[in-house]
């Protein structure tokens, strides 16, 4: 397996707050990498760095063998990095259909006609095909999260960065999201998935990484990581397991 | 006598009927939880109780007083406080000022006492006391919102999506602490997505499905699978 | 109808004085910053026109017609003035347009009339400000910078500062530019030295750097053409700077008593000199009825309830006088005949002889006034020099400011 | 189909407006000219304020530049008036491009104020600029020869052009990007939307059109000085028309400017009341219909003639 | 040169007085009050009318004007702005736009277009007068009042429960309600304070410069400039913004001539805005 994304010694500080000290990891082709960590560990910050919204203070990011640290947000998106936001940010006054189209037209550089077809395909994947003409502002939480994913998919990403897409969903809905991610993976997309729900880590990911104290503490097979003492100590609390 | 009594309320969003004939009771000193799928109407119930929505039918009695139709700040003054869904921090203010806002209705020295209490519950907030709340992470905001709710020292505290975005360690912590606080007499109405945890933490539970209460009972007596069936009902996709 | 005038209207045939009236449009500022100029306008124009109508009207194109006035508000805004003029021309089908009260009104109205091919008669704007274009159908009676400066020079002479330095307050607008362009030559010719402290923009709130220059140069007199608001702000800052010229002569700012009052607190503008276009003591008579200026002034006070008749009284009346004489001489509403009558016009009016030159304007004389703040808080405008209208009596000697 | 209906409607409108000058009185013609000019301006203002999220209080800058270019080139240098206004429009576009690095750093109110300050600065600059004879009052005597019909046709062309520019812009990618940026700039950016470039394109196009319209406006006014050319009143009129018509709708500026001209025409008979009444109307409209007449109509009934919405293609074709 | 800098700083004090009300209204209600200039001139007229009608002392008439304006502020907030606040930013902005047109023209109708000045002895006095430097009494007074008000207001906003409640309301009205804050009243209180200060600013402007009903626009730009340089919502920024604008104007006039003094001030403003798009001291509430 070859790495699509290689992160080396990534660090960022806000003033004297060294949020990320040194992050190192690889994301392999066609892999779902789960990321867990205590609140405020810097998971969202890391995602913001990968998409170019924040500038790191140090470190390198190479995507498909190319160093991309200097690239801007839109450039990276077009290059194949898609993402969702922890708090969904749909284009509220546009329809679901148009929301997805935006991804196709600008992220994947399609013509409008192509983007329309793409939007229909994506809508099937994210199960929003019956709500295409609704204004996105009217969607409920689950649908907003789905739309977040759908828009990112429409940009035809090589890697997809998910930030707590399962947060606030019920058990069964989490199951739906896990299936959705599996389907996305099956289309050849690699995924980084931040989530606080243990089940998603165990069922939905290929490897899990624990982020704490600004470093990647441990990375490995989901079950191993979740049962590791490090995770128990900083993340699960006590020794009692789920 | 119940501390909070919701009697047969209907709530509309425009033409959409979000709640139908919802009734519930909260006894003093207990923790009551609402369980339901996304869009079932849990937040709507919470918001209606604290005055953000107006019921089109029915009434809400709090502490012997009819509060339906009152403004949120009047209801807050009566001793009912809520940590809303999506945390809603005062972005431009420091973490400490955010918490102090919770004690808006309290006297000076008392405020500081409560503040210490909250800091004990969420040490990270003390660390960040002088920082602006905009820079908090998702989970830290959630803690701030709960802390702020506790600062009001209400007769009853409503928490919507109490564990959203929190690391398991923090969630366990919160539930432990909530039990402690409840033991001192605080009454709570919470919304929690995780059924297991919800039933563990509460004394009594209501299951909401499409704007109606479809099941209720003592948490210890409710069967988890039945609850699951009740609120998935029609709502399963797979 | 008077189809004759339509021959030269671009719009093609819509002239329409129905039957026996001649429709005359009047655009002036009823509201807005220039509204003070517009006060009493309708009373005075109406009065003069009534005199004509009561005497039987005017014979044009073979029938005797009465004059009917239709008014429109310029809102003190040039763009609105132009729209108002268009509106009168298009919807009221006016035969002739009258306008007055500053370049902000007369220039755009004249432009609209030129475009539509309607005769436009205007008064009371400085000639240079008005005459920036080659007009075909517009004629104007006012005064020019040279007259203005001459009337001011009388004040300087009276202050005994011959050969002294004169600071020039000028905005970037047409009138300010005209003054600064003319002043050096004028001063040189009359033995004064002009000091240019730089232009200001109308509406500026602070004059520190200008006042500093005036102070540094030690000017004996200040001359300028300023808006009332600009003047008031400038003058109070001048006073608080601890420096004061012996005499200040400012055009435009203090034509009315309300203006001097507004210029500043507690008689701030006491001793200020200004040009005076017209007074009730002017030795002229109406070419319509032979009334004296004194009588016109009394009429003004009766009609408006004002306590005094300002210069606009005479100029308003004069505008109708010009209209009357042009119509009478032309005997027609045909535009060519009307312009020919204007070109040949030479008539004594209440503002002196009106005789349009090649550039379609006629220069009227001015006298020099000084505002005196009385102990009871009222204002008197004394006439301190009358070189241009010797028969208009002076009322006081110049008072030097300290 | 929908599209053909639209085309028929537009053709009818254009023909109607084109026929009126033959039949109508000069007064009607004058009113229609004003309507067309205000319509064109407010259409452009709406493109920026309503669609691109660039609420500007400085559009008068371009009216002024357009007017002045017409004046200087035609009056002083004897250039053809139409060529002059086109050059004016080009200058406006260049000027817009030149100031964009500075004002595009600002957003929201800061942008609104920044653009106003630019216009005010231009006012002061022109007042102190020898080349335009400082703040001299210019009579634009080169346009005296134009009659009502010619003015009307020019204005009509402006109105139609402005409407079509907005319509086609919104039908292109730019329209999609604008809507996305308006709703969430950060999300749009991560979808690959180039915010700066998109906004800049709109801005420069609007500047160009405003310059053109400014020139056409001054063919009508035939008089200019800095304080009228760069007067905030231009923007007030546009804003008013868009507010009562409906911000962010394509029909809004049309309805709004027609109403604006009608109201001002009626108010000619009540000196000094015109703006008081306009102010009250603006307040009342916002209180009862915050989205303006067309915006509210759309929200209530879905009525829209010129829609920037993307239609969803039929399923069958999608799944083949 | 020294004269220009000193006068510039003092003039800056007056400018920041003009800006405070606007900055507060924006900081608290996210509302750009386009009627700010006209409301201030209304305050000026009220002071003027009372001074003339009752012939009373300027301080007393200012107090009456402050009271009247506070009441007006309450009315405007309760019956106009509060009604549209929850419909988004644009409608509230546009209400003030309508109010601006309405007010300035109503004043024109009532007070006529004549220039006015508030009678007071300060405007022509100076405190210091030497060969090189003279300090105008009215400028100095404005400056001192501005500093006092800004310091006082900052303390109230930062340290008191009342101040916190207003800031909280400004950040998140819904959450503030849940804490027991009556947000409509908090907004009204804020507007009342702003209008009171604006009335004082109006009096100062009226006793320093001549004014007329449409002067509002001119001062709206200045208020904007001050607030934009300082950062919307920052009180201290308002003071600095005023001073920067005042000094830029005066030095610009000194170096390049009086005609372009405002041009220089505007250019300085634009440059600052381009470099610091949210002003020098923006409160981070502006971060989206």
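To keep things simple, chains are lettered A, B, C, D and E as they appear, and every chain counts its residues starting from 1.
The definition used in the following text is that a residue touches a chain if its C-beta (ideal position, glycine included) is under 8 Å from a C-beta of that chain, and two chains touch if they have at least 3 such contacts.
The structure presented is a predicted model; accordingly, all values stated were derived computationally and were not measured.
Between subunit D and subunit E, the least number of touching-chain steps is 1.
Among the remaining chains, not one touches subunit B and also subunit E. Taking each chain's centre as the mean of its C-alpha atoms, the one that lies farthest from the centre of subunit B is C. Note on interfaces A-D and C-E: more C-beta pairs are in contact across C-E.
Among the remaining chains, the Cα-based centre furthest from that of subunit A is the centre of C. In whole angstrom, the spacing between the mean C-alpha positions of subunit A and subunit B is 29.
Rounded to a whole number, the gap between the C-alpha centres of subunit B and subunit D is 50 angstrom.
In terms of their C-alpha centroids, the spacing between subunit C and subunit D amounts to 37 Å. In this assembly, the C-alpha centroid of subunit A lies 47 Å from the C-alpha centroid of subunit E.
Of all residues in subunit B, none touches two or more other chains. In subunit D, the residues touching two or more other chains are 124, 127-128, 272, 274. Inter-chain contacts, as defined above, occur between A-B, A-D, B-E, C-D, C-E, D-E. Residues 3-4, 7, 11, 108-109, 112-121, 123-126, 129, 134, 136-138, 207-212, 214-215, 218, 249-250, 253-254, 257-259, 261-262 of subunit E are the ones that touch subunit C when the two sit in their complex.
Of all residues in subunit A, those touching subunit B in their complex are 14, 36-42, 44, 86-87, 127, 140-142, 164, 167-173, 175-176, 179, 196, 198, 234-238, 240, 242.
Those residues of subunit D that touch subunit A in the shared complex are 173, 176-177, 179-180, 182-184, 186-194, 309-310, 312-313, 315, 318-319.
Subunit C contributes residues 31-36, 76, 172, 197-201, 203-210, 212, 228-229, 231-233, 236-237, 239-242, 258-259, 262-266, 268 to its touches with subunit E in the complex. For subunit E in complex with subunit D, the touching residues are 26, 32, 80, 83-84, 87-88, 90-91, 93-95, 97-106, 108-109, 217, 221, 224-225, 228, 232, 257, 259-260, 262-263, 266-267, 269-271, 273-275, 277-279.
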